[in-house]
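Several structures are given next for inspection.
Below are two complexes that have subunit A in common, paired first with subunit B and then with subunit C.
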Partner chain A sequence: MKIKPTSLLACVVSGLLVLTAVLSYNNFTRQWKDDLIIPSKHVTTVKWLSDYLPWLKGTRGDSRVFIIDSGVPGGTFGLLGGTHPDEQAGWMAAIILVEKLQLKSGKMVIIPHANNSAMTHSFPQEATPQFIHIPTDDGAVRVFRGGSRGTNPVDYWPDPEVFSHYQTGQKLSGEEVRNLNRNYPGRPDGQFTERVAHAIFKVLIDEGVDINLDLHEAWPEYPFVNAVGADQRASDIASLAALDLRMEGVEIGVEAVPKKFRGLSYRELSEYSNAMGLLAETPNASQGRIRGITDETLVIKGQDEFYVTATQLGRTFAKFDEHGWPLSKRVARHIALINALARTYTETYPEKPIEFENMPTYDELVDTPVGHFLNSPAAVAGN
Partner chain B sequence: MKRTQSWIAKISAVVVAVFGLAMTTANAVEPVKAEFPVLVTSFGQAPDGNTITVLAKRIGAQLTYDTLATPEKVKEFKTVIVSIGVSLKGFGAAGVNLDTEIARAADILKVAKDDNIKVIGFHIGGEGRRDQMSDKIIETYAGDFDTLVVYKDGNQDGIFTKIAQEKNIPFIELEKLPQVSEVLKQILK
Partner chain C sequence: MTEFAHDAQMYHTAQIVLAGMTVCCLALWIVGRALFKVNIPLALNLFISAAVGAVVGGFGIPWRHLIEGPMYYIYINLVIFTALIMLQVMKENGQMEAIAWDILVCFRQRPFFLFMLLMLMVYFPGMVTGVGAAAVLSTGVIVAVILRAVGLPPLETGAMLAVWSTFGAAAPPVNLPALIISGGLNMPFDGFTQILLVLAVPPGLFAFWYLGYKYFKVITPEEINRILPVPQRAFLLQPYLPILTILVIFLAISFFPRQMPDLVSPLVFMIGALVAFASGRRINFFMASSRAMGGRLFGVVAVFFVVGSVVQVMTLTGVKGYLVISIFTLAAVSPVLLYLMMGFGIPLLGGTITHLGVSAVLAVPFAFALLTSNTIVIVSCLAMFCMMSQIIPPSALGGYTSQDVVGLPSYTPILKRCTVPALVAIGWTIVVMIFAKQFAEIFVPY
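After this line comes the complex of A and B, so read on.
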């Protein structure tokens, strides 16, 4: 039997299409697998958001909640990373604490991937990296997802024309329906991202969180950068922590919570729970609008010639030079802030201490690749 | 014992001298002393006024903090500490803008002048509070204060030094931000 050339061509093209589809599917769904996090022996409990809102079980919105309980009565510090997963220093700082932090008193509740669904895809048409590779001291490589800003459209689609914040009716652009930090305090029976927000709200309530910090990153040209935002109850602690940091040579500003802008973690969680609300921002060139090549090198090294020029022209709020803003420096700032907040909280509320032990200092963190502070996968293999 | 006391006195003198150098005064005019009650407010809604209030509390001084103080409220006080610096988040939080802040600042300074209320300006936000909008407030009103206290990081171009010299205003420049506490002790005692 003779096969016509056109039929052969059709078969080849179809085969290539199927192959492309399979490879694309595999590539895309690789991001659906949770990142390896290797908790230290000081982590006393690992829960899931679905323990607080069972509806999330089996969804990509379910996420790990790591609890480090010193066993000594004190305050409880809540920490959110990965509210916007493409703000990588946030979840990296949270993961380092899960893997290294030791407490002398009080309790720490850490959710490294607050919006886990947003970890499962990269930003469409922004060419952001799917994965970040971080070598550890023993030469092994830890692989983390690059993440996106909002919930995966696979979990919620299509976006409405206009997003309306349920509790207040505030109107925002439709895509904000998938932005966790516009959906607080959420609803147990709302749309996908509202349910994630509600589960986090429940964590704060059930675990008795006293002070909650949401770790973010921002465009270098965004005015709220290298700063901590605080709700009114947290403003004294934030002011003192910022002073402490400035004594250590870490310049950081303090900003007030915008009362009329609703749905933000540090605005709503502080209103609906007993937790003081705080939010921190470091500069990440991979998010900015004038960045150059956007790959994991930009995320890790934070060097971008266009931002150097923009700084020279006075167009950035975070100053860029040839050294850039590497991940180690951004993580160092977040961890130094957490440390300072715990100190000033303990100073202000001595009856509810939250005291850390063996925390690396800012100087140790800033000049050391973050992989040094991560556990090696060999530790898991050896178990 | 006398020898120990003598050494303590010498060491104290050195510390005071070193500290005095670290907090540069740009002119020979003595900074004003605050009279109580003292109000802390903001020109520009940066929350640095809260830092001042918290630090004052640490040294035992109770100040009233009101970021949106009205001219009527200012009349209730003998001294006003103004934290200078614009925060867009602060504008959002307070529901104000640069124009309304500039108008409020003008009204406050007028009331303070009419009622002989001392006004002490603090700029402790560093370079981060030297954007165009902050500069507009600084250029417009920094010359109207009875004393200026400025963190060096925000005075790299010498704008405050120049204003203080031109207007003969007592001026303190802080090398390190935590020196705010020392200045507050000096002003509030």
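After this line comes the complex of A and C, so read on.
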């Protein structure tokens, strides 16, 4: 059957497209609304990225910056979650700290949704859940957006065929133009994602961040997983923290910054600011190519029989068994790493301490659903 | 919504969905043939089959996924449309014929150079768009006229166009599967140029030797003037202005990324179309644009969109993972099977979900399985396997368009003539893959 481009066909196709757009508008724009984050009383200031780069004001790229200042002089720890929003343990760990963390000394600067625009849509063909529902202890349900790996095309489109990193000319796949973690250090007048990257870079400069950790997750079949990447200046701290964690029974590798790969947070932010750069990865089956059914259950429970088989075939770098890698375990690893890094940083630079109080241990976190560590909307008024 | 088990039950769910999709696809095809004596358009067939597969698997009608998946292909479809508008304008305003006339006059007695030039003409649109069908529908049309003029039968002409356009789409600078796979591996798309040429050019040379060389006959100037009108032009390069314009813009974007804003391909092609419109014989621009988008191209674009729906439903339901784990299981039996699965499994699946779909579904996991070798070479080889999908039915984007251009009633004879060049390309790619480290030492800059 040959289709001829008649006026009638054009009208029918156009009509169908308009109807589809109208019917699906609400479904897709639901993700544009910011997630509820209920900061603890220890959060001293809530700023926005637009406070550091005014151009972002009113855009989907604007995002909250939570500052917890102990009032006791010390070092400043920067924490990025949601660089890739489909790596849920990253932003979940950051949100838990915003809602629970207490500091004895030093300062913490947390951006749970580093690429907020990427929180507002799902990546085509990935079928990832649009929302994640987490019950809290009192039975309330906190709803978080699932998000995507890159900036929403509504904010930047089309991608070039080949993306060239502005500062170095490194060439990457075109869609990486919307990947925050390929755009550092960014530019104040660059394309959308470069501007977000620049705003984060400004946060690090203006808030005097000494050590910065970018929380990620990776496919179980990806070689850089269950590991912390560190720039040259942070390698000692990272190695000590990894040793600490191994003593607690948490196996974690330490990786150096890839020499030829540019635009990464832990490389560029470290090179262009005073902050030591680090990046952490936990295994997330809901991202991998081998995964089975893609839904909220996979994100939260992290169990996948296909990955069990893949491990048996030697195809994964993160070992998978029937228990999988639940969200609680992945968040536990991130928070345990943050704790260990702060501890080793304080030991290495005692004149700039960063000390936490009442931080849950790895064992407590790993055995408890993440909802336990979140504030209930009913218990706390407003955001 | 049902909560699905993520244990061994997933195998059954995936099998049910896959069976549902396959049965529906075949049933629609049979019903179309039996009741209406037509092939139901592939895009429509795949779209319905994807939805039916999800329903029988217990996922309901996955509206969001059916709509969201195609969004991935909006841009590439725009590239195809705009490139073809430019080339259609060039065709209708006589510039294409002028270029063909020049080539025939200059090279009518030198078959090697003639074929090389024709090969470059077919390669070029694929090189800049990453889609073989774009080459067939643009420069392919005029190359077909030249090939027929120098003695090639329609069958060989169609086969030549199909394989050249397929290999051309694999050549640098834009190789879409390589971009997708390298993106999946979190690696830069850098250092691919030479190795992609090593993979894409030799099979093209083989194809012209195998399919075309023996038929070549020297054509007289009188015969040329009978086939093609003598070009009317104000100056020598007039017919070449649109191509030179886009070439200059693309080169400026590539070599001066800081000074030259990336105008993105659709805009560059539209500039080329306007230059063509202004520099050739007067034609109706809008009617030419309309004709560019009609016919087979409309179906090609529709298939691209629907592949997005199919891949997303396959991902949702676990079919994608099931296919990957099945291949890994088979490959575990022997490394030979691994290479065979890549060389044949990728093109065959790509025949259904296109070269872009199969890049995301199968090629990325294969790349992970071979990370111990040189990654740039491995990604390039996998991209080449993906490209071969363009001649494999039911999608056969490059193949069907070639059939249209030469006007044969069936694609099957063309596919048969493509078999040897395709096998040579696959064999060559496997050789490069096995000796990836050695090839990398010579053809990968780092």
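FYI, the second predicted complex is superposed on the first by the 356 of 383 C-alpha atoms of A that agree within 3 Å, B and C clash if a C-alpha of one lies under 4 Å from a C-alpha of the other, contacts with A are read in each partner's own complex, and residues count from 1 in each chain.
We take it that a contact is a pair of C-beta atoms (placed from the backbone, for glycine too) under 8 Å apart; a residue touches a chain by one contact, two chains touch by 3 or more.
The structure displayed is predicted, hence computed values, not measured ones.
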First (subunit B), second (subunit C), both or neither touched by A:E305: second
Which superposed partner A:K259 touches (first subunit B, second subunit C, both, neither): first
First (subunit B), second (subunit C), both or neither touched by A:E251: first
First (subunit B), second (subunit C), both or neither touched by A:P223: both
First (subunit B), second (subunit C), both or neither touched by A:A242: first
Superposition-derived comparison: subunit B or subunit C, residues of subunit A touched: C
Which superposed partner A:E161 touches (first subunit B, second subunit C, both, neither): second
Residues of subunit A at both interfaces, subunit B in one complex, subunit C in the other: 223, 260-261
Residues of subunit C defined as touching subunit A within the complex: 3-4, 6-11, 13-14, 32, 36, 38-41, 63-65, 67-72, 74-75, 78, 130, 173-174, 179-180, 182-184, 186-190, 257-258, 262, 264-266, 290, 293-296, 298-299, 302, 308, 311-313, 315-318, 320-322, 324-325, 328-329, 332, 360-361, 364-365, 368-369, 371, 446
Subunit A residues within the subunit B interface of the complex: 223-224, 226-227, 229-230, 235-236, 239-240, 242-243, 246-247, 251, 253-261, 317
Residue ranges of subunit B touching subunit A (in the complex, touch as defined): 45-48, 50-51, 54-55, 67, 87-90, 92-95, 125-129, 131, 153, 176-178
Subunit C-facing residues of subunit A, complex: 1-5, 20, 24, 27-28, 122, 124-127, 130, 153, 157-162, 164, 166, 169-176, 219, 221-223, 260-261, 289-295, 297-298, 301, 303-306, 309-310, 313, 315, 322, 324
